[in-house]
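Same chain, two partners: subunit A is paired with subunit B first, then with subunit C.
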Partner chain A sequence: MVLDKDIHAELAAIVGLANIDDSDAMTDVYAYNWCMEVVNQMEGKDPVPYSPRPLAVVLPSTTDEVVGIVKACNAHGLTFKAQSTGLGPWNNPSTDNCIILDLRRMNKIVLIDEQNMLAVVEPYVSGAQLQIELMKLDLNCHMPGAGPQVSPLASATSMSGPGFTSPSTGHSSRNVLGVEWVLPDGQVLKLGAAGLEHEPGWYSGDGPGPSLRGIMRGLHGAKSGLGVFTKVGIKLFPFPCKVNWKVTGLSPHYQFEKPELMKWYIVDCKTYKSAEAFVQRVEEHEISFICSVLSNFGVSAIFASSIESLLGNAVLAMTKVPVVVLVAGRTRREFEYKTKVMQCIIEEDGLENMAGTKFEPPSISYAEALRSNLGLHGFIATGAFQSSHGIIDTLGVCLNATKKNIPVKMKYINNEQVANDFGEAVWSTSFEHGHMHHAEMLTLYDQTNPECVKGIADYFNDCNAMDLVQHLGIPFFIDGDARHDWYGPQCSNYNTWLRKIKTALDPACTADAGFYISPEKASNTTRNEKV
Partner chain B sequence: MMAPEEYKRMVKRCLRCSICKWIPQVQIKNVNHATICPSMDYYNFHAYSGGGKIILANSVETGRIPMSDAVRDIVYKCTACGGCAVACKHLNSLEPLDIIQALREKLVASGVGPMPSQRQYIDAVKQAGNPYNQPAGQRASWLPSDVKTHEDADTLYFVGCTSSYRRKEIAIATARILNAAGTRFKVLGTNELCCGSPVLRAGDASSFKELARKNIESISALHVKKVVFSCAGCYDMFKVEYPRVGNVPFDVVSSSEYFNQLIDEGKLVLKNRVPLKVTYHDPCHLGRGAEPYIEWKGDVVQMLPMVSLNVPEKPKRCGAGGVYEAPRRVITRIPGVQLVEMDRIKEYSYCCGAGGGVKSAFPDFALHTGKTRVAEAETTGASCIVSACPFCSTNLQDAIKESGSTLQYKDVAELLLDAIDTAPPARPKK
Partner chain C sequence: MDNNTSGYSGPRGFAGVIAQQIEPLNSSLAFKKAYENAKPVRILLNATNTDHAALLIVENGKVQVKGIENKPASNLSRKSAGWDGFISCSTRTFLEIALGRLSMLKMLLKLLNGDIKVHAILKVLQFKKIMEYLGK
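Take a look at the complex of A and B:
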């Protein structure tokens, strides 16, 4: 499809001519994304990394401009898809009549409220940008596993949101406070304290009246399927330790002055049972800044800067069920308490801390941990990975799923369709030191090899089926009509309710529903999936 | 110059992670100085990022879109500063800058590129030997009568087109410093030819190779041991690109490296106090771009399916091999000068905005980028930006003027001359 000239002019009048582009060259770039080839393969399409091409890309700079674009889409029967930093296929259109709203020009930190420990940000503020401002006030923000370059707003409003620092900084879905939300019909809805008539603020995400947080984002977010979020208030946390942020050396061999009150623990628990007991004790005492169960491949990756250093970490490569814990203290007394407790747990559990004895974590790993840059290390080995499952449950369930996933993955490893990690790759973390954990099983593959793409797509389908049959919860990639309608009947018919929400807020399906759910009797959804 | 197989393999692999838009994440120190890509900062659409151009290359390569004016505009609205490559290769291993360069060469080969103004200066280089279309006979007009050159010298000062015709003060300062140190040197004068940098960056690889061969041949015939460069762009060509065209049988030295050597040897005495607080801008072509390609001959060993290892380790060009310390050493050795650093420096320095053919084709973009850099320099509290590239000099001075800044601009050579010269000659008014 080609964008009608009059509609182009209408959109250009809203954002300015320099901020709209409908050339094939531009729109094709916006049709591309990481893992889009896997989505296409899973939907029975060509395994190419491209979605349908948007009709145009527009760059609004204000909420009013977003409203104008959304209203224009409604008036002309077009769909729209909003994206912030844009990583992942969820940012892509599922129809061929879609306008992309790239929110890059909405990039302001609106407010940092030190006393109430909250910040209000626009969509294109990155986690690192926000953190650097917060550090001046000795505060920190949560960043998702995708890294510090992505949008905290997108994670808080529209996606899942576990991160490496989740034990101490929570989960994006739980950190969201007041929200400014452009609904699919162009109305602006302010949720939480932002919606108060008198003395509005951003300090609460619930009310006025019944809370709509669950409707707004639920567990995994609507991925722009319910409109556009233009501002969000998010919870802040104390910065975990004093730090002199000075990175020296030249890329990729950076060094960092190790914070005095910070210490890595790398503990090989050998068995999942032992790891479960160990992590539960660590989290029970609320002493970790980071506490992750990994595989030997994973632990090697987060301390590596290249494939050579990854494969050269022989000591880490020999671990069976490694758990990495980063302990930090704001005062010496706090740090000493935490490290004493750690030592006590390690000794009582008959374990050993490899960090500082058998393996010296590079100094830059402290900076990367503080900046939540560890997830990006997953790309070092093959240049591509994706996670399956995405379980949120107790640690026991998460690790049980990890164990059960091994034979599922081994089938594809034996077919040489995914990289051989012995089927064990996992990243599991608590959030808020609580009993609930997140677990995702990382899989390395070659996105340019159709056989590998087919393999990982089949593997993801097997993982989704496993989660359903084994009662492991709703995984990451249950999105779109076909998957929701497959899962829903087994899970309290949640799909019916999800569809009712979509129908109530967007009966014409103007907000692209490809990674959410279509309303009843919609004509705008063209995503024809097979499960 | 990227091998076709490598290009085809690499254009399929962008993760669309947006890392290429930022300086390395652990280096971010200021919310306003977090980005690395001038093109993204000005044009905003994802296609303008390093990753966006990799995707664009894939779209063209797979026949999804044709070579078109729209493709050309995106690819050329880029200063080719290489910041995206530094950011990407901090953890990943793609080569966005090489892909951008290859795309430009493909655009030229298909007749769509370069931009019209770039075509004009390529023609000028071919006809007049310089991109400014100035008479070759006036190339040495910068040379003051009091500067002594020696035809039998084994050191050559390669002046470059911009210093010869536009930024003569840099050439003059460099020559005077060499005289002051007693270095016997010569210049090519009217025989000097463009190094080919603007031609290569515009994507005309074959014309560039021709220029490179001519320059290597003519300088080799002089039997000089050392060639000194005060232009970052020329230095980059001779240091990094020429060895990929042919054997370079002489030492290639940047002026700041050579100045340091002269100070170390006691040949330059810094007797004047220069009370200035300065900040140093790393030119892309003296910094990250000046890291030589090291030919790697090894084996790709398949460790596991899909996981391979280069044996021996393949050098990764992350910018670490650029010239960073030499200009800083020169600056900090000058009595009275205080150096204060900007947030974006060395391999993750922010571009001045002039490179990659942008200054001629998209002057508004070049100026915006220059003003961004000037604003960053102002936050340091310095009263002067110092750099080591005539192209940066032009654009940063334009940006200083346009933004109404009170900052001064000086080349390293000009600053050094202030410290050694007993009677500094009047420089052109800023």
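Take a look at the complex of A and C:
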């Protein structure tokens, strides 16, 4: 499809001619995304990394411009898909009748309230940008697990939200302190204290009146299926250690002069049962900045920056069920208390800290712990990875799922369709020191090999089926009509209610519903007709 | 000391993988102590699904890995390569042996059905023993 010239002129009048592009080259770029080939394969399409091409890409710079674009889409029967930093297929159109709202010009940190420990940011502020400004004030933010290059706004409002520092910085959904939200019909809604008529602020994410947080994002976010978020207030945290960074060297071989009051613990618990007991004790005492259950290859990857260094971490690759804990202190007294408690737990559980004895963590791993940890390292071995499951439950359920997933994955490893990690790859973390736990199973694959793409797509379908049949929660990637309608009847018919929400807010389905759900009697078709 | 070293210049391919895994032993005091006065041993590891075999040489408390092209097959003869022990299997099986994921029983089954081919098994078992020093 081609964008009508009159509509192009109307959109150009809103954002300026320099901020709209419907050329083939530009729209092709926006049709590409990481893991799009897996989505296509899962839906019975060609396993290419391209979605339908958008009609045009529009770059608004203000909320008023977003409103104008959304209203224009409504007037002309177009759909829109908003993206912030744009990582992953959820940012792509599901139909060929869609405008991309690339929010990269909305890149301002609106407010940092040091005293009340909150920040207000626009969509294209990355976690890294925000963290740099916060560090000047001895503060920190929750960093999405996808990494410091992604948008905290997208994570807080529209996606899932666990991160490697979740034990101490929570989950994106729980850090929301209000939003500015352009609804699919172009109305602007402010949630939380930001919506108060008198003395509005950003100190509470709920109300006025009943909270709409669940409607806004639910478990894994609406992924732009309910409109566009243009501002979010987020909770901040004290920086966990000293803020002075000294980094030297060139990427990826940086050297980092680690702050004095930080210490890695790498403990091979050998069994999932032992890991569960160990993590629960660590979290009960609220002493971790990071606390992750990993696999042998996962722990090797965290401390590697290249294939060579990954292979050199043999001592880590020989672990069975490794748990990685980072302890950090703002004062020497705090640090000494935490390390003393860690030592007691390790000794009482009959375990051993490999860090500093059998393995010396590279200095840059301390800097990465403050920002990204495993995320970017998942790409080292094959250049492509994706996670399945995405459980939020007790640690017992998370680790039980990890065990049950091994034979499911081994089938595809034996077929040589995904990389051999003995079926054990997992990242499991607690939120808020054991309040809840999260587990996702990472898989490395070759995105250029159709057999591998077929393998990982079939494997993900098996994972989704396993979670449903064995009552392991709603996975990350239950999105779109077919999957919600598959899961919903087994889960309190939530799909019916989700569809009612979509119908109430977007009856014409102007906000692309491909990774959300269509309204009742939708005129716009969505993705995944085949599951 | 940082484990992330750039400018790696050792053997490549399968031999490189083995070298990366095993050469950290050269900084292990426990390994040095155990092997500095031991009789030198040369174990040839041939990954059947790759082009290169790895010759593991343990001598004077040091370990060294050399890459040898595994075609033609005569390259791998005892006379040509000078090995004391020889093991041939897929890279996957090597990985399982090296990371301690293959029990003796499973290894025996693989030997019986020909997935693993071995000459001088006692010498080859030293490979497993050597790997164990990585965790010490």
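Here, the second predicted complex is superposed on the first by the 525 of 531 C-alpha atoms of A that agree within 3 Å, B and C clash if a C-alpha of one lies under 4 Å from a C-alpha of the other, contacts with A are read in each partner's own complex, and residues count from 1 in each chain.
In the analysis below, contacts are C-beta pairs under 8 Å (C-beta built on N, C-alpha and C of every residue); 3 or more make two chains touch, one makes a residue touch a chain.
It should be emphasised that the depicted structure is a prediction, and the values quoted were computed from it without experimental measurement.
Chemist: Mind working out whether A:N19 is in touch with subunit B, subunit C, both or neither, as first, second, both or neither?
Modeler: So A:N19 only meets subunit B here.
Chemist: Quick one: subunit B or subunit C, who's touching more of subunit A?
Modeler: Looking at subunit B versus subunit C, the one contacting more residues of subunit A is B.
Chemist: Using the superposition on chain A described above, determine whether A:N74 touches subunit B (first), subunit C (second), both, or neither.
Modeler: In the superposition, A:N74 touches no partner, neither subunit B nor subunit C.
Chemist: Examine A:N405 and indicate which partner it touches, taking first as subunit B and second as subunit C; both and neither are also allowed.
Modeler: Neither: A:N405 stays clear of subunit B and subunit C.
Chemist: What is the contact status of A:L311 with respect to subunit B (first) and subunit C (second): first, second, both, or neither?
Modeler: both
Chemist: Pick one for A:F422: touches subunit B only (first), subunit C only (second), both, or neither.
Modeler: Touch status of A:F422: second partner only.
Chemist: Applying the document's definition of touch, where does A:S158 land relative to subunit B and subunit C: first, second, both, or neither?
Modeler: neither
Chemist: Tell me which partner A:F303 touches in the superposition: subunit B (first), subunit C (second), both or neither.
Modeler: After superposing on A, A:F303 lies in contact with subunit C but is clear of subunit B.
Chemist: Quick check for you: in the superposed arrangement, does A:P362 touch first (subunit B), second (subunit C), both or neither?
Modeler: A:P362: touches subunit C, not subunit B.
Chemist: Determine, under the contact definition given at the top, whether A:H253 touches first (subunit B), second (subunit C), both, or neither.
Modeler: After superposing on A, A:H253 lies in contact with both subunit B and subunit C.
Chemist: Under the contact rule defined above, give the subunit A residues that sit at the interface with subunit B and also at the interface with subunit C.
Modeler: 252-253, 305-306, 308, 311, 364, 420
Chemist: If we count contacts the way the header does, which residues on subunit A are in touch with subunit C in the complex?
Modeler: It is residues 252-253, 255, 296, 303-306, 308-309, 311-315, 317-318, 358-364, 420, 422 of subunit A that touch subunit C.
Chemist: Please name which positions on subunit A make contact with subunit B in the complex.
Modeler: Touch residues, subunit A against subunit B: 19, 21, 23-26, 28-30, 32-34, 48-50, 57, 59, 85-88, 102, 104-105, 109, 126, 128-130, 132-133, 146-150, 245, 247, 250-254, 256, 305-308, 311, 364, 367-368, 371, 373, 376-377, 379-384, 413, 416, 418-420, 444-448, 452.
Chemist: Looking at the complex, which residues from subunit C come into contact with subunit A?
Modeler: Within the complex, subunit C touches subunit A at residues 1-6, 8, 16-17, 20-24, 92, 95, 98-101, 131, 134-136.
Chemist: Of all residues in subunit B, which touch subunit A in the complex?
Modeler: On the subunit B side, the touching residues are 9, 12-19, 21-22, 24-31, 34, 44-47, 52, 55-56, 58-59, 62, 64-65, 68, 70-71, 74, 86, 89-94, 303-310, 313, 316, 318-320, 324, 346-348.
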